């Protein structure tokens, strides 16, 4: 009965099918590595605005501009 | 000074009054079971899109369709 | 299928039965207020050292000494 | 490589520049106190609706009304 | 630069190699599905005591006894 | 009434005084940037085993060995 939380930046469109792949993939991973029961594995995905995510002390919004 | 985080799927409308009941109920629970100080108990509620929540490897959006 | 995370300071002993009451109480709360399915409600409890928890800018370890 | 999550209530406008200051400040804090590598420090900010945040068993929405 | 948190119950021994497989697998998943940069993907694993994890209103410790 | 969670790897000893500095620093940061009330700001610190933290798909335990 694992619980997995995935946080990603909200950039471009993440489709419902891609989210399904993340949910299925994380559930399979816990099953394959640790034999966890898939039925009670819960996965949640948080999409975080690029203003609200920073790495290296800099918001992702700024990092993307510099990369632009 | 407990901290409680409640994650629920965003389905139908959860009213401000229902959220108030969750906040009050969780705060009372910690007080009743462990004698925690209600004044400094913090409760946050996250409402998660059904595309972003999965159980059993399947997004809730799909589970609801099958149940539909 | 809610997910509830309860964080409390590790002070005195919290018994297995008290934890059971927290798990049962939180699960009932979500059922009573929002009609959520108890079977798929997950509750986790984190016990945090008093050195690792602060309020008002002060670790709980110091707050307890002052209160002592 | 610390990870810092900051949760605040969504009240008034928090500007992109204020978020940048939170990201930079939290990253510097971990560097200054523990010598952590700034490059791999991640900070995320969650803005939570005042209906979804409670303290003392009462939603912030109500607290603000009483203070109003 | 995703952040993934995996919570599992502390039951039997989870080896360092199994944890490595979870970290590698979650990082690959985000790369394969969304093209995320592996270098800045962070994964953390929390192992939670079976007294501190409940599903269906019942601690896992009790569930395991019944299954035993 | 912000809530800040700081996750760091458990490496070397982090002293109670360093934790105090993190708690005080994070509380001051929220006050200085957003005018948040220090009294109700909560900070928690999680120390995570290096086997349980990965970046770039590799556990920190292995990264440290390579750096060693």
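By written order: A, B, C, D, E and F. Residues from 1 in each chain.
Basically, a residue touches a chain if its C-beta (ideal position, glycine included) is under 8 Å from a C-beta of that chain, and two chains touch if they have at least 3 such contacts.
Fair warning: this is a prediction, and the values are worked out from it, not measured in the lab.
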item: Chains contacting each of chain B and chain C, listed by label; value: A, F
item: Cα superposition angle of chain A on its copy chain B, in degrees to the nearest 5; value: 120
item: Which of C-E and D-E has more C-beta contact pairs; value: C-E
item: Equivalent interface positions on chain B and chain F, same or different at half; value: same
item: Repeat of the A-D interface, chosen from B-C, A-E or A-B (over half of contact pairs identical by residue number); value: A-B
item: Computed distance of Cα centres, chain F from chain A, in Å; value: 21
item: Residues of chain B engaged with two or more neighbouring chains; value: 1, 3, 7, 40, 42, 44, 53, 55
item: All pairs of touching chains, each written as two labels joined by a dash; value: A-B, A-C, A-D, A-E, B-C, B-D, B-F, C-E, C-F, D-E, D-F, E-F
item: Chain D residues within the chain A interface of the complex; value: 16, 19-20, 23-24, 27-28, 38-47
item: Complex interface listing, chain E residues touching chain A; value: 1-9, 14, 18, 21-22, 25-26, 29-30, 32-34, 36, 40, 53, 55, 60
item: Chain D residues within the chain E interface of the complex; value: 1, 3, 40, 42, 44
item: List of chain E residues in touch with chain C within their complex; value: 7, 48, 51-59, 61-62
